[in-house]
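Both complexes below contain chain A, partnered by chain B and then by chain C.
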Partner chain A sequence: MNTAADMVDRYCRELASIAPTLPAAEVPWIQQIRNKARDDFARLGFPTRLQEAWHYTNVGALQRRFFELANSGISVDPNAIEPFLYPDIDSHRLVFINGIHAPELSEIGTLPDGVILENLATTLAQTPEQLEPFIGGRKLPLEHAFNALNTALLRDGTCLHLAPNTQLDKPLHLLFLSAGEGQESCSQPRNLILAGAGSQAVVLESYHSLGEAACFTNSCSDIILEADAQLHHYKLQEENRHSYHIANLQVQQNSGSHFESHLLSLGAALARHELHVDLNGEGAHCTLNGLYLGNGRQHADCHTQVRHIHPGTDSHQAYKGILDGRARGVFNGRVYVHPQAQQTNAEQSNHNLLLSANAEADTKPELEIYADDVRCSHGATVGQLDEDMIFYLRSRGLPEDAARGLLTLGFARELLDRMPLKPLSVQLEQKITDILSQSDGMKSLK
Partner chain B sequence: MTETNSSKSPSLATAPIPGQAPSSTEELNTHLRKDYEHGFTTDVESDTLPPGLNEDVIRHISRMKNEPDFLLEWRLDAYRHWLTQRAPNWAKLNIDPIDYQAISYYSAPKTEKDGPKSLDEVDPKLLETYEKLGIPLAERAALAGVAVDAVFDSVSVATTFKDKLAKEGIIFCSFSEAVQKHPELIKRYLGSVVPTTDNYFASLNSAVFTDGSFVFIPKGVRCPMELSTYFRINAANTGQFERTLIIAEAGSYVSYLEGCTAPQRDENQLHAAVVELIALEDSEIKYSTVQNWYPGDENGVGGIYNFVTKRGDCRGDHSKISWTQVETGSAITWKYPSCLLRGDNSIGEFHSIAVTNHHQQADTGTKMIHLGKNTRSTIVSKGISAGQAQNIYRGLVHMGKNASASRNHTRCDSLLMGDRCGAHTYPYMEVKNPSARVEHEATTSRIGEDQLFYCRQRGISEEDAVSMIVNGFCKEVFRELPMEFAVEAQNLLALSLEGSIG
Partner chain C sequence: MLKINNLHVRVGEKTILNGIDLAVKPGEVHAIMGPNGSGKSTLSHVLAGREGYEVIEGEVLYQGNNLLDLSPEARAHAGLFLGFQYPVEIPGVNNMYFLKAAINARRVVQGRNELDAFDFIQMAKTKAKLVGLDESLLQRSVNEGFSGGEKKRNEIFQMAVLEPILAILDETDSGLDIDALRIVAEGVNALRDPERSVILVTHYQRLLDYIVPDYVHVLSEGRIVRSGGRELALTLEEKGYGWLKEKSPHIAPAGPGA
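Presenting the complex of A and B:
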């Protein structure tokens, strides 16, 4: 019988034992960061529902089973990754198996001048000083257990560096595959993106499973946008229904920069997406869109925190949930306005559609405002399809399930339509249609 | 007044200290037995207990009030549970630690002789405030605590009201009186909405409450007057641990107003009241609060802690409970008047204005727990923050599994006046039924320059313009207040925000 403390202890022992094999293990300051993070993880343990930020999400399941941290070196057939690629989108591609870079599957191609793109293990081994802006001291101690666990490992992931005024010519596709072969594996990638002043890039993170084994993904991404940089970030989470997906995205924005995030959460037994954005300079603005679908016993949790630190910053958040079966959707969005952040403009919305009697939606849009010259608003709704709209469609001869299907898809499409990368949104729409058509009453979507 | 002879009760010193519960139940039991053995001797007559809290104090309170045994047991249960609890700290509030052993939990009501003899003896500042609020002359003396016999005709007014209510079968009296005259009602309903184990402050209140109000509206009766009218004139010194219980039987209606717009002088720092409302089939309870206790000075020194548990239970089908509150006083306000919508088609409403200025803090909102079918709730919250105050709306809307076709609409708006104050919104929405609809919207802004300009351009002074705009902002809630209070509440708002602009 394992208690939560035993499990934390087991991870810590495992971390300590593989520490010497990790990249840059001999670099003292990296080693120090890992040790510190491990201590933080040991101190914090797994979050419990008594912590306000985890009130609606129970990670008890993660405390009952151990996911192997060691690199088991699974080899994957190149054909196996075909279904997860986007032939319509010409991209630079990095592939990770259980969080470890798979060079034979990756295809970086030629990069424009001033762009450095490599896997994190390479950076750690060759130029660890590049990590300084991301993990060099400023963020310690870590008060987030999963972030601490990821930092304690700090093994592999992506490192993207854009020199000032460069433009990444093609989208960067980061493909994360979880594969458990007879063991419960875990994937802990760390992605670091530094966009220099005036640079531009499009990044797509996608998470999938190979096979049906339960896996634990604990991903952390750190993004720094210098003045006037622009980053479009897409994330697709489509892991199998036995897996646990925890992700933590932290963004630092300087003046005039623009960050756009599009999240689509479809898979996993339990998915938790955290997005923290700090708007540190005048004119910085961010747009955060998200759509989560749940069926069966799935649990999807979206947490956002936008901190308006500097005057004259904007943020727009729009999240939607479609919940069927016994699924539970959680949204917790927070807008924080610092006392000196005057002329802040913040909008936040969360709309949920409950399709079945046993689905549940919990939403908590928060405003925490310390400045007076601000325009902040939020709205949240939970409900079902408008009967008038269904009637309208039926009066035009559509069968009821077709009407429901169309309206539900329309509900989801509002967010897909906001994606500038059209070939992607078309494919994502197909995925959503496939999922919705499995729901009762919407078979006709097929 | 005689002090209790503490040497007669050595247990006072050895009683467990709250928050530091004895490590084992065995130890606790030893204490309990010991306390019982050396309990107060009946021959000690005392009006005021020395500061401190233990079972003897509770027994003493209960005996002084000549309470039946079940109530004493109920109090002791609450106290024992309280010892196991820890003071909550989840609210976004800065609270100096409270020393519960430094509070005196019983003092006999002050006699009329202690008060000022006439209005001439009352602090002129207080009188000035009454003037500004527009409180009727006849009531000013009563509010200022002038001895009742000096107050113009108030006794006879109260008596007339009492007769009128009695004719309808309505029971409206102090809680102590109800315990003596209607113990069966108390036994049946007390703690049925807010149990003794509900929360830290509710447990404390259950253990040591001294008085409060009791209202019982019999079946099918529509209370012929706002109970506020009577209450205000008869405003008793109910102390810091107040207990209110209102029962509306099937088909009845009552409107009750607690507190008043006039500033109240109060020596007690901690106020932990409990209010329980019970609405049976087709009944309606309208509960309005105007709270204007001492908020502390401009530098945030002093002021009342107002930690209240208020909950209404719509037990019957088609019942309705509506809360209206205007909170302008207290250094810290921490309360969430709630509705348990258990009956089918029941309705809950919450209308609130919370004003904080200087260093005041308010963490307030509501909980709407939808359990029955086709239940509806409306939440309108208006928060105004000025100076360096923090104003927080925190609310829960819960749609249970069986709450089909239920609806909620929440609107909370915050107005910021000054660049050092804060306005925060923490709504919680939990929906477990697909046919339920929940809507929440919130905005935060300050008074628009263009709105001010428009008023100023028409020759309205800045202060008046602000007051006008703020009143407009709160209009929706004022509309819910009983007529005579709406006017006073508007004036009160202007007073509370005086000097916070320009």
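Presenting the complex of A and C:
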């Protein structure tokens, strides 16, 4: 039986052996970053529950098996991706198989002037200096094991660059597919988005599995919003129930910029969504919404950190969980207000609906406030459906299971209704309806 | 249509209803009045089938069947409607979607075809006009962010859509200003029908200026202490509930129409 340290060692050896084959392997500073990240991963190892940030989420099962890093060359029938597309949404599309760009499945189309969209391997090979704003200045060691692991590979993903005042004409759909084909694969995409001053874009990241093999996704996205830029970021996680999904989204916001995030986590055995936002300029504001569903023994963890660094910044967070079976949902939301960050406005809420006696929700809001002229609020609830609401609906003639189904869907719809991209929210609602209709007592949703 | 015989109801350890007798015939409008805590809302909720109430004695016959054996939804399917004193807000559940589901649940039980979306919307719009409900509220979440008056109007709108045989309106007048009260009352009056009975539960007689009842009953300490015509409500208005206690603490109920 492997120990965790053996497994870390195995990943590091594998990383070292494929390092010369990676794009930009010959660029010294890129090489240095990879090597240092590998050392950081070796030093940190996989997180344990003794670490505060991982107290509620145990990655023990993930580190007991090795997920193949060198897994390119899997070919996928174009028809196989049909179920993961949105015919009602005209989009630019990049498709990744196990984290590697698949040009034959992608459809970038015509881009507006001032927009650069390419896969990260291309950027690394041709214009690695574009990575400078994201990782170039990183002098400090990485203290996040999964981020370090991703950075140590730094192979492929997305690079989106918006020149000042440009607008991406259509949503960008980044479709990440994990495919096992007889082996347990690892997918480690890295997505970099630089939105110049006053630019606007809509980005959807969606994660799915092809087949039932267990896969490990370790995704990192880094986003920089210059002054007054606006980014709507959607994320759908719908990997198979044997998979592990770890994601780390980091956002730097300058003055007047707006970042809006909508997360829907449906799949995977274990999903961890980290979202770190720094509000670095006056008027920067972010809206973070998330909905996680769990059944069976699924585990979904939403971990947010918003740092109000500059005066006059706003953040609004609303996360909801619907948990059935023996599923476990975790919300850990931290709001940090710097001593200088007066006139901060921060709201945070987390509401959980438990549909079974064995489901569990852990909710941990953390406010760390060092300024005195601020408005910060948070609220968290864990509970069942409201009996008054059930009675109200039944008194109008709805059978009890229909009332429960309608209320549960209503609980979810509150967040779906906040998505500006309506054709997407309609399709996501259908996915949620399909999942809930498999729960006991809600068959009527079918 | 409705016959309540010697109904005793307990909530937890506390007995709230102490032997209610009441008979309602088709087309009749009965007002049930009484001070706070007399058991008015308990009676409404027991009739609609809310959990948490224990019937320790007595029976309720509705169209000849034992009402208390039925689930809340089965009562609704049989034509019973409760207008809530405090209609709940249900975020994320669309008013129209919910009502269409409710009406079709009943139609399925009755062996009728489900209404399609078009027919339903046409019907709902007509009914909204009838009760003066702003059409924009139809597409909102049930009662969410509605004013007190809008909530009550939404109750009457639902009543109009569901076309009950027996409507129990629990303190429909509470929290309404005179204008809202008049509009709600007009809605109820528009739905008066020789085949439809109404039980108005109210603390104040002013509602009865707009919806004229056939009978008035006074509830006190869980039993009907006085029954009469409309003039009983006016006497109560003038003298207050205290008058009843002094005057006739244990009057036997005179069940009209029994």
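Quick notes on this structure:
The criterion applied here is as follows: the second predicted complex is superposed on the first by the 443 of 446 C-alpha atoms of A that agree within 3 Å, B and C clash if a C-alpha of one lies under 4 Å from a C-alpha of the other, contacts with A are read in each partner's own complex, and residues count from 1 in each chain.
Assume a contact is a pair of C-beta atoms (placed from the backbone, for glycine too) under 8 Å apart; a residue touches a chain by one contact, two chains touch by 3 or more.
Given the structure is predicted, the values throughout are model-derived calculations rather than measurements.
In the superposed pair of complexes, A:Tyr370 makes contact with chain B only, with no contact to chain C. Of the two partner chains placed around the shared chain by superposition, chain C is the only one that A:Pro399 touches, whereas chain B remains out of contact. Shared-chain residue A:Glu414: touches chain C; no touch with chain B. Of the two partner chains, chain B is the only one touched by A:Ala359; chain C is not. Contacts of A:Gln342 after superposition on the shared chain: chain B is touched, whereas chain C is not. Applying the stated contact rule after C-alpha superposition, one finds that A:Glu52 touches chain B and leaves chain C untouched.
Across the superposed pair, chain B and chain C touch chain A at no common residue. Residue ranges on chain B touching chain A, taken from their complex, read 90, 399, 401, 414, 416-446.
Residues 386-389, 391-400, 402, 406-407, 409-414, 417 of chain A touch chain C in their complex. Those residues of chain A that touch chain B in the shared complex are 52, 56, 339, 342, 352, 354-384. Those residues of chain C lying in contact with chain A across their complex are 48-51, 71-73, 75-77, 81-82, 84, 87-88, 90-93, 97-99, 101-103, 105-106, 141-142, 158, 162.
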